[in-house]
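Each of the next two complexes has chain A plus one other chain: chain B in the first, chain C in the second.
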Partner chain A sequence: MAEIPAALLLLADARLPAGGHAHSGGLEPAVAAHAVTDLADLRDFLHGRLATTGLTGAALAAAACAYAAAYAPDADIPPSGDGSAGGRRGWRGLDAEADARTPSPAQRRASRAQGRSLARAARATWSHPGLDALAAEVRAPHHPLVLGAAAAAAGGTPRQAAAVAAYGAAAGPASAAVRLLGLDPLDVHRVLADLAARMDEVADEAAAAAAGGWDALPAPSAPLLDLLAEAHVRAGLRLFES
Partner chain B sequence: MGAHHDHDPHEAAPPAGRALRLGIGGPVGSGKTALTAALCRALRDEYALAVVTNDIYTTEDADFLRRAAVLPDDRITAVRTGCCPHTAIRDDISANLDAVEDLQARHGRLDLVLVESGGDNLTALFSRGLADLQIFVLDAAGGDDVPRKGGPGVAQADLLVINKTDLAPLAGSDVARMERDALRVRGGKPVALTSLRERPDAPEVAAWVRGALRRARGAAAAAP
Partner chain C sequence: MGARRAAAGARGRGGGAVTRRCAARAAVAAERDAHGRTRCTRLRSDGPLALRETAEGVHLVGAAAGPLGGDVLELDVAVGPGARLAVRSAAAALVLPGDGTSRLTVRARVGPGARLDFAPEPTVAAAGCDHRSAAEIALAEDATLRWREEIVLGRHGERPGRLRGRLDVAIGRTPLLRHELRVGDGHGARAVLGDAGAAGSVLLVRPGLAREAHVEDGLAVLPLAHPSGVLITAVAPDAALLRRRLARGERVAARARGETAPRGLPADQETASAAAFRGAETPDSCS
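Moving on, here comes the complex of A and B:
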């Protein structure tokens, strides 16, 4: 197991001031639809999220980490982009890949809002040419891209970036469940601990996939989450942005 | 207005070229939205204004301000806080900063952005990264021991507003004692007594904000 740079722990910490507390990862509309009402439902929801948007986000984060690392002055590979995204190269190409894997407009907006906030926090924290290039090329990048670039800036590997993304995909909604359903936070953390091995598998799969071309990145989808995300923006009562 | 209202060691000037950001915080139901509306009405003809509301439920506060037509729709933005109103103004201000930046980008030069917190408890405090100055609003009928207890909002806000003074006698609250306690825990920083029901234009608070805006402009003009 590779050593974890302490800087990377900042990125995984929920106290990172990057706007995450106002997003429930689709849990709020699921609660509103009575699809998640207790701890067992939450476990199933998190399993499903990890297998779908969790894997997609982790793979995008791993790809972004590898791409950003190539910007470093001592990198072996020049950052050429792989040019596979409809002829759009560079960060905009990878951003288009994220769009293609995020069919719900509401989820796209939520991802970009969190990407914008994370870019602000990461650039205030680290200086890195890959991160700067991402911010210059895409105004509000998708969240996994910024997470991957920030992981590179923090000295992390693509596999570690994927692990932080997978962890966030489960920990974010879990925290929202404590606030929305009044679940026992100790129970919720046991659910997260039980999912840790699954997060590692997702990170392995994501990192392996990211080693190939961008157009072949995983794209599992969760149509019900897409529909709930769209219903959420029309709901009268919303405590979370997404 | 209480004593020493010209003395404020924390007076902060915004960096040149951007609006003064004024946070308005305080417990649920103390009159934050009514004060925001009052300041908009009092200042909108003199200054370029915009408002960000933080509501823990819905966009109700923003909707109230729109219905009251205190500002055009596109000058009011609502931020959701994920059940954590204090987090959004203190620990993680990113959504509010994004909202302020978007308003600035949409309207060009703004003089003043009011950031109204969601209703919270007495420990709430705006981050200096979000608000250059902050007002904390208390309900005079909500217990006259509150100023004595203090807390970050009551003690540190640049202006403490004790609102609903008209209700104080009905609730058995001693407003004079509240003002006295507040001035003591605040080290002499200003306290305003208001009844937004009786004086919906809040002239003493508007005068304080005008003073802050003048000083901010003076500081910007004096900057190299």
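Moving on, here comes the complex of A and C:
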């Protein structure tokens, strides 16, 4: 793989001031429902999330990265994979694809809230015409779109954008698990390290899919996680937004 | 049954009877006539996809077991402007292992003012199966839809094989829902489906449905980004409870308009909404 631009590490870093710490990636509702109680449960949860929301988000991020890169024609990045029948549908078209893959209103809201925060942080950090166009066309874009566009701005490839998205899909809930379950951070990081190869598989599948049309991007669902996400909105006492 | 499948295979593949694979393409088309009645203008059965007109609409009456691994089945459904079609099935489909991946693709076009109600019996994923299903649905702006999919994860006491189902629905050129369920690929199944023995969904598309999400045990009613779409998803230990949960979800989706609308909603509006819901079950289609 191409060498990782250091700027891309900023994007993957939890210290990026983009409000990611306010979201548990569905872990808090799973903990509240006693579906996740220990390290073994957490491993299952992260596996399931990677295979569903993680893959969907990674594919959207890869597509967004390719599309954003087309705004900067001198960049050495593959052209956009929007081969859909409707032709180039713009950022709103990709945002609609994210909507169609997110049936849970709670998860749509969480994705847009995180997208808006990330857009603010990314545009303050990098200047890129693709990122600017996204912000101009969609008021609060879905998080994977912003992540993909920011990855392009940081000089990353669609495959790297997908890797950052897949990593975030697991690392976010993992760090929330330390707070929610009082797990040893070293144990949790061991779980994440064991998942790294799986993150790469997800990023490979996502990037390969993003080379085709937006219509056909993966859309794996997680019925239980959708259910828990909606239940969470109604829960009284909670540490995380989602 | 074996002979029948072999015959179907021979017809579909020009002499491939030894493989026992089927390639079948069935079709149904419904149109509204000058008197406003829906008529079936096309009904083509092929191999294991046998279609029969009934009082309710059109029934899939499995002419063979399956699908089996290696089968490639396609069903085209066309509902013309203003027409109404209900599609049912006589029995559950049992997806069995065989020679490779089995595939079922359903393509549906629903015209302006038309209604499609597609609710076959469940698909049972047997041990060792490798099945892919895809539904591609194109709706006109004011078309209405009820689309139910139910999957039973293995026969009694059995773990299912691999199953991948995808539903793609667009209104005009806008995607409404793209929804996949992947079972048996070994990735975090417990987090995705818990210990459910059955999972399913009903997609409703018509004006006036709930705009507030609703959750209860094993059931979620999820208003989509498009104001006319609601996805009901459910998981359950068995097919019977799954069906009850989905039915309950449909009632919630249809009724919630009355609950969440401002007070003073004209009574006839609520009645009309309820009637439209019941209408999805009435036998005025394709008969």
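As a convention for this text, the second predicted complex is superposed on the first by the 227 of 242 C-alpha atoms of A that agree within 3 Å, B and C clash if a C-alpha of one lies under 4 Å from a C-alpha of the other, contacts with A are read in each partner's own complex, and residues count from 1 in each chain.
Quick note on the criterion: a residue touches a chain if its C-beta (ideal position, glycine included) is under 8 Å from a C-beta of that chain, and two chains touch if they have at least 3 such contacts.
What you see is a predicted model; the values in this text were computed from it and never measured.
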Chain B versus chain C, judged by how many residues of chain A each one touches: C
First, second, both or neither for A:Leu237, with chain B first and chain C second: first
Chain B versus chain C as contact partner of A:Ser24, first or second or both or neither: first
A:Ala62 touches, of chain B and chain C: first, second, both or neither? neither
Contacts of A:Leu131 with chain B and chain C, given as first, second, both or neither: neither
Which superposed partner A:Leu224 touches (first chain B, second chain C, both, neither): second
Partner chain in contact with A:Leu147 - chain B first, chain C second, else both or neither: neither
Partner chain(s) touched by A:Arg49 [first = chain B, second = chain C, both, neither]: second
First, second, both or neither for A:Ala113, with chain B first and chain C second: first
Chain A to chain B touching residues, read off their complex: 15-24, 113, 116-117, 120-121, 176, 179-180, 236-241
Contact footprint of chain A on chain C as seen in their complex: 166, 168, 173-182, 185, 187-194, 196, 199, 201, 213-215, 218-220, 222-226, 231, 233-235
Contact footprint of chain C on chain A as seen in their complex: 30, 35, 44-52, 85-86, 96-97, 99-106, 108, 198, 215, 217-227, 230-231, 233-234
Chain B to chain A touching residues, read off their complex: 56-58, 79-84, 87-88, 91-95, 97-98
